[in-house]
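Here chain A shows up in two complexes: once beside chain B, once beside chain C.
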Partner chain A sequence: MVTKTKKVSNRIKTGTETKIFRILAALIVVFFAVICLLPFIRVVSEAFSGDTYVASGEVILLPKGFTTKHLKFILDTHQFTRAMFISVTSTIVFTICAIVLTCMLAYPLSRTYLPKRRALMFYVVFTMLFNGGIVPTYLVVKQLGILNSFWALIIPQVISQFNVIVLVNGFLGIPNEMEESALLDGAGQFTILLRIMVPLCKPTLAALLLFYAVSRWNGWFDAVMYINDRNLFPLPVIIRDIIQQGLDTLFHSLTSPPPTQAVQSAAVIFSIVPIIVVYPFLQKYFVKGVTLGGVKG
Partner chain B sequence: MKRSRSGTKTAGPKKMGNFRRHLSLYMMAGPGLLFFFVMSYIPILFLVVAFQDFRVGKGILGSDFVGLQNFIELMTDRMFPMVLRNTITLNLMKIVLTFPMPIILALCFNEFRPSPWKKVCQTVVYLPHFFSWVIVASMLSSLLNLNTGLVNMAIRAMGGTPVAFLTDKSIYKMLLTVTEIWKEAGWGSIIYIAALTAINPELYEAAAIDGAGKWKQVWHISLPGIRSTIMIMLILSFGSIVSGSFEQVFMTKNTAVYEVAEIIPTYVYTKGITNMDISYGATVGLFQSVIGFILVTTTNWLSQKLGGDGLW
Partner chain C sequence: MRKLKTLAAILLTLALLVSLVGCSGGSGSSGSSSNPSKAENTTETSGSTSEETSEPTSSGATLQLIMPSNVQDFPEGVTEDNNFIVDYWSEKTGFKFDIVVLPNSNAEEKLNLMFNGGEVTGLVFEKDLTAPSRFFNQGVLQPFDDYMDGSFFFETYKDYQSKGVIDGHQYAAMIVPDGIPCSSSLYVVRKDILNGIGITEQPADFDAFVEMLRTIKEKTDLIPLGVYDAPSNSSWDTIAALFGVAPTHNQWAVRDGNVVYRFTQKEGYDYLTFCKQLYDEGLIPQDTLSLTFDSLTQLYLGGQVATLVQDSCWELPNLMPASEEKGYDSRFMDYPTGYYGQVSTGSQDRFFSQAIFLSSLAKNPADYVKMLDFLALPETIEVNNYGIEGEHFTLDDGGNRVLTEAGENLQWAVYYRNIFPPEEWYPVYGINANWAEYYYPSERHSVGATDFDPVEFMPQKAEDVTKTDELKETIIDQFYAKALTGEVELTEETFNAMVEDWLASGGQQIQDNYTEQYKAMGSPDFSGSYISYLPAEHPEYTGKYLWEGHE
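Entry: the complex of A and B
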């Protein structure tokens, strides 16, 4: 009898505790999600609001005095459209090169029968643990003769060790029989990679595609380090200029006042919209990509 | 003798096939391996400039060796203790405050069955990870503006006095930590969410029957279940104690907070690239790389020694 009541009270206790726990968890998640979303909503509203409203702090979450003139202003700035062009082309070229090279490196590293595989893997992973730092890397880029050229945006970061590990794990997950049967049919390694491995690893590759594209699209550090020519600046460098210097040389020719907060927000919009558009479609893939990277290879 | 010959004979053709197969694999890996040789191993060789008085005109082979002079300069550099202290305190703050956040978030997400709402929340919290520090810094300056910033408007509405967040030395590091949480906690939770789904649900059922409440279940089932993932992430974060996010600091630092903002990576950049003191920049960078390497290998070794998981 005593034990029975104890059990019942136990169940009631765990019942209410579970409920409190659930509510708390929901609150934390929703709170965090709202915090994550707020700044974006505000940037968008500022970009579409009249200057006076933004300057006086009247824009809180919704646009006031709706206008698209800031976006038009940005688009009419030659320097900005130029940077947009550089960013788009470099992101496309970079992503293609990166994916091809990562596949070509990860596939051999995933073949467990390959002699010296572990040594090669160590060769790649070691560069994550120890590197020369930015100054010697800068010297190498200089020696390569690509300083201040389009290729400085492509070559120095074209393969990421983390992505190689992710893809090696992805390839390891494909049953060996696939490769064996293709070999019996007389297929070469390149054919196997292209016809069998790549199609079977599409989700992982989609994740890597996103990681590489975003890293180039957002990349600012390597651009300021390797590039001096204003005609080769990608978007982040220009946006940083607009934000940092206020009245910048790029706006001098336009006989206009320094970029207002609204104009700055409009510039930011151009940088984040492409990501927001692509990102939800790739979400289910990159979750897999991140998870694979955490597994030891 | 005879036996071994016949052995090689039968293995011969197959070996040739294997050899060709392996050769084409090595060739395939060639460009990638070359990339790491050029962009990672040659820079390591180029660290020799840390022992030189490097002159751009003379090149690496022509510049004079000065032994440990650059390291002596590093030890007597009046700025360096400040830079090192900033780097370590900032990263320790990040480890203590930022590190648990993705785990807490993942535990919260774990409470919900798959639903469109959960999906939307996950999509939203992963999003900030995909925006550059350039963008985040601009949002920050807009949000924290003394007059028109949302945060100060809220403070004023509650009757407080507005705070100049971006130029206040005493809260600068906290600001970096909070922005880091905002940007990366959601993204970091992915790996823990995945680890949590791997835990056998029967364990929770059994615990509930035994009268264990939710807190006890989290403590005795969820956390031990993702222990190895936590350890791996912790080892990795220890490795970055002497590095840090270059772009985050570079985008937000200003003259008002300079003395609490400068960290090793930004210092290397200022010395080595902006001031073109290649040798000294390389020296500071070498210091950073060596300490980082020692920290990762030691924590990894300790973790394995204590019976936990390691990176390798």
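Entry: the complex of A and C
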């Protein structure tokens, strides 16, 4: 009887520890989630608040003096809508090109029978670890004749070596038997890639798609360096300019009043909303994709 | 197998090197990727050679002009190459233009890349006065020496050109359009609060100013004086200048014929002692070192600060209306007279100037000097600064320009307003940009100074400026901040130790360099150069924010 009681007691004790652990873990996760969310919530609140409330630091979580004029102001700005178009277009084109080229490079590198595979892989890894630097890269872009063109936003960054390695490992995780049976059925390499490898690596590809899309959407440095035509500037460059105006010194910008903090917040919202809209649709693949590609191989 | 791997690695490395060399090959000779057809308003991408850019003849040659960065955007239908200003230039000179506007962010890196990539084949307008020195060191500039004789530009602005001489040659053409040699800092106060505690007059001198702060502390719960950052930084400009020390500008002075760094002089010690007194008495925020411009503004608008030093009037078009909305009676208080008789930053501060330099790849330098001459013509300056008469402005009975609606929307023209005499400064920026209400109050104190900064008139060597900034950050700022909060005891001994450290760390060398340059110039007295070009009349200005209203 005593022994039986002890066993029950032990089970209850273990369960309580687990519960406490889970509650603590949940609290910690919620805590960090709130920390991550707070700045975003504040930016949203500022975008919908009156200038005076924002300037005097009264807006913390909820908007005060609710107004949509800052968003309207941003939407009415010629440069903003133009930059949004460039950002959307470049992100779509870049992501498609990047995914296609990454697949086409990763697939052969994942085939163990590829001659000189290791040497080729070394070439990829080497360029990831030791890139040419900004001046040589600029010279390459110049020699390609794409300086100050839309393609300067696409071609120079179109393949990420890191993403190639992730996808190579993703492809390596697919059993060789599937390729062999497809070959026996008369499939060519392109058919195998498109019909077998790509569908089986969907999670990894979804993750890479997000990596590429986010990197292009947020990228501004290459645009500033390679492009002179302001009509080709993507959104992050314009956002930086709008925020910079608020920080700038008089003699740098002495022509009109700087945008208020609320206007700056409204600009930030427009830049992050598209990514936030897309993210939930890809999120289910995201963790799985990175794990698949990263662990195996 | 191991040998094969090694061989493959070597071959790949060689391939990399060869491809890099291949990429850089011809970049110099290809010159600019600038597209001359841009001047004809097409949207083709760059990548063409600089053949047209290098045309030796004036007529029809394409000149590349690289304009300084700013934040203004071009409206729909207007681009840097396609607007009435460039059309006017083309019509009058016969040149075509490839205009490049540097980005607002990372302009320095961009210009550096463009030079390295052989993309700069013409004239560069730069606000960074160390740029000529940096690019001279890279060997990518050519001097104007052979083309200066008879040049209208160089004749008109000859007084400034000593600042553009590097290694005995005129590598930069200098222009000083700023007609008001002072900073734009303002002292903003809550008049409603001050009146409420019996302060109805502005403090006439420095002691009265300090007494006013003490009264605020005694009779209210507010922080008497809002400042942020270390006392050696720009936010303290107004206070520092009362002691003859200006944190961001005017850092150098002539003492006994030698150029010295003001922060290391007795006035620096006196100033720091005063800052510490303010801190110890609780007259400034105790967390001043961690405050920022934004957080201090929030404190002011949040009703926690009674008076506020604004190191720039740039934010005032936002601050003052917000303050009014809060029901505050915010005004600009006059600067008191300092310990040394100074009238704060109004009397001695910076000149805003620009450097213009020519790429070594420009094969038609005479054409570029002709262009400078054209830009210096009064009629060109009028078009650049105000637009076309009848379309962008009209003349009233007194001969004053009155902007039309189209004229008021020419903010983008700022990129083309690089050359004009100081008399134009206030009309262009003070009145036409609707800044008079905020700008004029800060500048109306500008008077001829007697304690000038000689370095303002010298070529800015990049290495000296960089080293000065580095020493300021690592030694001056550190000591001033720590002494303020008491982390370091402030005595003459500790101050002198800091000065010794600064001198030994490279400060002595910089002082010697500047002294040598100053003496080579004949030890001139530049005080007469600090001339204010504020207009006698300024009808657009109401003065509603002054303590006493319009004067």
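Everything below uses one rule, namely that the second predicted complex is superposed on the first by the 245 of 297 C-alpha atoms of A that agree within 3 Å, B and C clash if a C-alpha of one lies under 4 Å from a C-alpha of the other, contacts with A are read in each partner's own complex, and residues count from 1 in each chain.
Convention: a contact is a pair of C-beta atoms (placed from the backbone, for glycine too) under 8 Å apart; a residue touches a chain by one contact, two chains touch by 3 or more.
No experiment lies behind these values; they were computed from the predicted model shown.
Trainee: Does the chain A-based superposition show chain B and chain C clashing or fitting?
Mentor: Clash.
Trainee: In the superposed arrangement, does A:104 touch chain B (first), chain C (second), both or neither?
Mentor: Only chain B; A:104 stays clear of chain C.
Trainee: In the overlay, answer first, second, both or neither for which of chain B and chain C A:21 touches.
Mentor: first
Trainee: Once the shared chain is lined up, is A:218 touching chain B (first), chain C (second), both, or neither of them?
Mentor: The first partner, chain B, only.
Trainee: Is A:279 touching the first partner chain B, the second partner chain C, both, or neither of them?
Mentor: A:279 sits against chain B, while chain C stays out of touch.
Trainee: Of the two partner chains, chain B (first) and chain C (second), which one does A:193 touch, if any: first, second, both, or neither?
Mentor: In the superposed model, A:193 contacts chain B only, not chain C.
Trainee: Under the stated touch criterion, which partner chain does A:268 make contact with: chain B (first), chain C (second), both, or neither?
Mentor: It touches chain B, and chain C stays clear.
Trainee: With the two structures laid over each other on chain A, which partner does A:129 touch: chain B (first), chain C (second), both, or neither?
Mentor: Touch status of A:129: first partner only.
Trainee: Between chain B and chain C, which makes contact with more of the residues in chain A?
Mentor: Between chain B and chain C, B touches the greater number of residues in chain A.
Trainee: Based on the superposed arrangement, let me know which partner A:60 touches: chain B (first), chain C (second), both, or neither?
Mentor: In the superposition, A:60 touches chain B alone.
Trainee: Report, in rising order, the residues of chain A that make contact with chain B in one complex and with chain C in the other.
Mentor: 55-57, 123, 127, 132, 134-136, 138-140, 220-221, 225, 240, 261
Trainee: Which residues, counting only chain C, touch chain A once they are in their complex?
Mentor: 5, 8-9, 12, 16, 20, 22-24, 26-27, 33, 35, 43, 45-47, 69-76, 79-80, 100-101, 103-106, 109-110, 113, 116-119, 127, 178, 184, 294-295, 297-299, 301-302, 312-315, 317-319, 321-322, 325-326, 352, 411, 414, 429, 433-435
Trainee: Within the complex, which stretch of chain A touches chain B?
Mentor: On the chain A side, the touching residues are 7, 10-11, 13-14, 17-18, 20-22, 24-26, 28-30, 32-33, 35-40, 42-43, 46, 54-57, 60, 101-102, 104-105, 107-109, 111, 114-115, 120, 123-125, 127, 129-140, 144, 155-159, 161, 164, 183, 188-190, 193, 214, 217-221, 225, 236, 239-240, 243, 261, 264-265, 268, 271-272, 275-276, 279-280, 283, 287, 290-291, 294, 296.
Trainee: Please output the residues of chain B touching chain A within their complex, sorted ascending.
Mentor: By the definition above, chain B touches chain A via 21-22, 24-26, 28-29, 31-33, 35-36, 38-47, 49, 60, 104-105, 107-109, 111-112, 120-128, 130-135, 137-139, 141-143, 145, 147-150, 153, 182, 185-187, 190-191, 194-195, 208, 211-215, 229, 232, 239, 246-247, 250-251, 265, 268-269, 272-273, 278, 281-282, 285-286, 288-289, 292-293, 296-297, 311-312.
Trainee: Hey, which residues of chain A end up touching chain C in the complex?
Mentor: Those residues of chain A that touch chain C are 51-52, 55-58, 77-79, 116, 118-119, 122-123, 126-127, 132, 134-136, 138-140, 142-143, 145-151, 220-221, 224-225, 228-231, 237, 240-241, 244-246, 248-258, 260-261.
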